[in-house]
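Letters are used for the chains, namely A, B, C and D, taken in the order the chains are written, and counting of residues starts over at 1 for each.
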């Protein structure tokens, strides 16, 4: 008889109450229990950053957390940013300077950028590069992502 | 991986050799051993539950003993298999009497580690292997001192603890005492195992953790 | 006249859905009643299978089925051989040993599949893997590229006489003659390491069998949807149109996703039909390292013969190529190496031999670069060694040997991966060299910057290297272009997209020819249900082959639209113009008809379609080039080395690249950025390493170092050169692999220049701070 | 890569947690930030039968000033909280510098201060930091509390003196002496990656131009984080000349560390790193202290 644990987790403003196996990874909970497929899984050992989400306002790898560990937390995923019709300034910036190609790693970069710009609304290129160092991208060589982070800062300041 | 080294035991060769027959010694140096049974005169099966730091795993394995020349030398062939992977090893051990009455133990072995153990556990192998071998010999030295002292005074051998996982040592000791019916070779192997194979096994399992 | 899109940097059509989490990747596909697969892989590198006990696994609650090779019965068979051997090359030996989807009698590499678990969820499936007992007899491991073909080496395929997989000799002119005339001959033993494609998204497949419709729907991350569809149909005895293969959004490819004979491709469709339930397999990262194909791994014995003045007389290169345990992808990689070794330079005499060998390692198939980086590494290192020998400047020895603009088109005499003799269609190599040389201030660096830095105790060095990129090879690609009743345009191709920007660049070409907004062009890739002809995404061929097909098809549609409009507007075609989504009479703006109306009228419900007219504003087209279009460039870097710690920093990186006419320069730059990142990764971070027993010891990102943002230079300084290809109407060449080719050669040259030690010469394509430190120690003690 | 099943307990108080640990004995394991344990579990290398999750034990997360000018840090305090704490940056700037080298922000946001110490990874920053800063570790069990000096806490790779029924509850850092300079030196193949060798050092002057105490902690070059003795033996009471520092650095590299060879670096290379980094660390610490 597999143990199930009650959790109450708020994701993108909606409270979800579920019974989950203790071993269920947060990334699987978000993707397969809640159907929020924007959060991607790239390595499942906490290094690539594709699964990065915000937990109570702070970035974390959702693949190296058990869902039960974040019971009662407030989680934000890429779906909490803009929509197809109206994108978030960070998303606009990524599109404008071609900071994504296959787009698989992108949601992780976006969430990392959200937290970073809150703490540093006007970053230098060097600061922006360091901020995204914990997210892997195989397509872009990072140059355009660094540029996008800085452009996003300008756009958000203008808002 | 290849392992080799020497260790000087501060005592005569016979005492060193005999020491290996003592289940308490074994107990202190083989944490997690659950059972060790003889398949035939020179083949043995063992189950052990290894747990060190954050990592743990159940392993079962076999050992063969070859060309035992008491109290001089022997060759060990063995392997273990568990969910995290497998291990196969060969080890040669020699005991050399030295003029100053000490005994020089020379060991060299080659161990092939496979599975997740090898593929994601590279980072730590060296420091863990070193640590395990070091603590293994520290234990042995203590054992020998205790035994020699006891021999001197004709008293009981004082029980001693391994530097880590002391709790385990005690539990295993109990199991081991039940093994008096086993042949000398069995016990010999059972002890040599930690020094050559299990030490490496632990090392490898250990080094797999952390990311 | 409306603005043209081709040649312009415009934002991508696909970005919005990717940025908002609205793309559907393989693991995003969930079907009712879907089962999940986990694969039991061998921990052993080389072994005979005695018994595979799956009973305990079957008994685990939640497990639906467990299959081994035995359970597959007659369905089990090696293959398919995805790429045939080059029969056109005289005397070529090729021992075909296609992949065995699941090991039956013996295991040939660690990570090879031995059993498949199907369960209600992935967690349970992985629990069951632990319960499968694999009883084997371990055989000696063979991994060394030279020892594996030694007479006493254990055989990986017992039915062969040796572990030699292939042997191909090609010679232009006479190496003997070159040596006879040479003042100096320089020899080097050069090692090229092994790297992973390491796309951020691992592989995956979802299969649904509809027994009522007899329709098998397959979603897969393959780079070659149609060949994979065909091989699945053949295996399962279905007609092509009974198998619909769909590419979901794919999270990067870089080569390995071209494979379609692995366990997932062959066995999972069979399972879905057998169990009559949807089945999903998602590869995890460790599996990706262990069992998805990877590349490089060659050992070269190379020689170069020159005159005193540095003129090249000849090059000889005998090399071992590791194909791993099987060779399902033919000789694509080593043939690319042969084709790219000397291709920037005038080399009258060239002898090259491939010795492709089997080892107990994962199979080798193309990874971005695909054999090209090896050839370029060998040639550029030989030139550096020769320059040292002759006391020449590294840029100068290249300058005097480069092919000149008037040399093109040039037949190379070397048969390439496309089985035709290489022809360098066009180029201006000296331009690329000089542009780069100027931009990076080569002379200023040597005369001022470097000495000044050295005086301050800093070790800075420069490297400058040339490369070519054979792209856009055949056989062909095709597409269908349709003007719809809404006036929007549909472009459908079976080409596979992994992030290259096709939804935009393909649309740009169609939009220009049909006078519509690029955002009004909808591009479909990789759906055999909508278009079922094509080959696949490899050899940087998408934009050239599919792009040209789209160009031709959209011109046909344009013609159809104009002819119909000419009738309806009672105006001769040459007085009509097509733009802003309408066809109008020139200088009579009020007299027009929209493309949407034309589309509606093109499929009349009464009356008759006149002879010679086809219904619908639709046309298909195919394009197959006689041979590839060859891009080229020059890469230079300035590096800063700390000789005490071996740590490095790339101060500057300048690259001149020529890919003919760029369709979207922003996307071209993106391709270069990504390629450069992989090349830098190969040279200093990434390395797949097997131990002495055939265990892959780098199966996680803890030990396989993925290049990070802070490992890259602050800026990739790109210069565009444009030599249009004469082979296609738009003058396009590919660019997908360009960036990945030269960095190893360039960085090694720069490291040596930085340290300035006479006897220091780096003979491997991948090093790390420790190796660099040891090179320095060795040179100092020499 | 999904973890094997385990029994899960989420106590909300220290008392509850200790009851659980005692009850579970060797089959129990503490789950703190999980940033090392969970990857190991995803690879199925670690298969604990039961986890005691401390994430709901709020009372274990705090940073308190101590009367003597030091700090007390609760075991469940997240690394990034320590990193950004004003009191920490005021009293232990070297600790902030050290924490910034732990992986990347996303990991530091979850990883815990005490978790990293109890995990005792020989390649981890915090065990070396608590050695350097001569910390006192508060260990709790049902039978009460005991205090362990950092230098007695680590006994091998991933091995500490903690018994299964015990938990590390608090880390107490004694105040930094006046006239103290510090330095962090690390060489890793990539930013945020495991160090090939790393050195953290403090140098305290006695008010004059002579060294009162020189402390050097090393990690990633032995069975566990370790303290080098030679620097203080040589430098204490002396004017720290470049020659003296060089002599110390060479000695430590040769005799006071035990790095191994792996796919990323040879023993010889890593001993050389220790030599270089000890020199750089002491030199920088001296300069800082003089400011």
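Methods note: a residue touches a chain if its C-beta (ideal position, glycine included) is under 8 Å from a C-beta of that chain, and two chains touch if they have at least 3 such contacts.
Model, not experiment: these values are computed from the prediction.
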Closest chain to global C-alpha mean, per-chain Cα centroids
C
Decide which interface, A-D or C-D, involves more C-beta pairs in contact, and give its chain pair.
A-D
Centroid from C-alpha atoms only, then distance subunit C to subunit D, rounded to Å. What do you get?
44
Rounded Å distance, subunit A centre to subunit D centre (Cα mean):
29
Centre-of-Cα separation between subunit C and subunit B, whole angstrom:
50
Rounded to a whole Å, what is the gap between the Cα centroids of subunit B and subunit D?
31
Residues of subunit C that contact two or more other chains, please.
123, 130, 284-286, 697-698, 700, 702-703, 708, 710
Which parts of subunit B, given as residue numbers and ranges, touch two or more other chains?
83, 116, 120, 122-123, 211
Indicate the residues of subunit A shared as contacts by at least two other chains.
21, 23, 44-47, 64, 130, 133-134
Contacts from subunit B onto subunit C in the complex sit at residues 1, 83, 85-86, 88, 112-116, 118-120, 122-123, 211
Inside the complex, what are the residues of subunit A that reach subunit D?
2-3, 5, 21-23, 25, 28, 44-46, 49, 52, 55, 58-61, 63-66, 68-71, 112, 115, 130-131, 133-134
Inside the complex, what are the residues of subunit D that reach subunit B?
26, 29, 35-37, 39-40, 43-48, 119-124, 155-159, 163-164, 194, 222-224, 258-263
What does subunit D use to touch subunit A in their complex?
1-8, 10, 31, 34-35, 38-39, 41-43, 51, 53, 55-56, 80, 103-107, 109-110, 191-192
In their shared complex, at which residues does subunit C touch subunit B?
43-45, 110, 130, 138, 286, 289-290, 691, 693, 695-700, 702-703
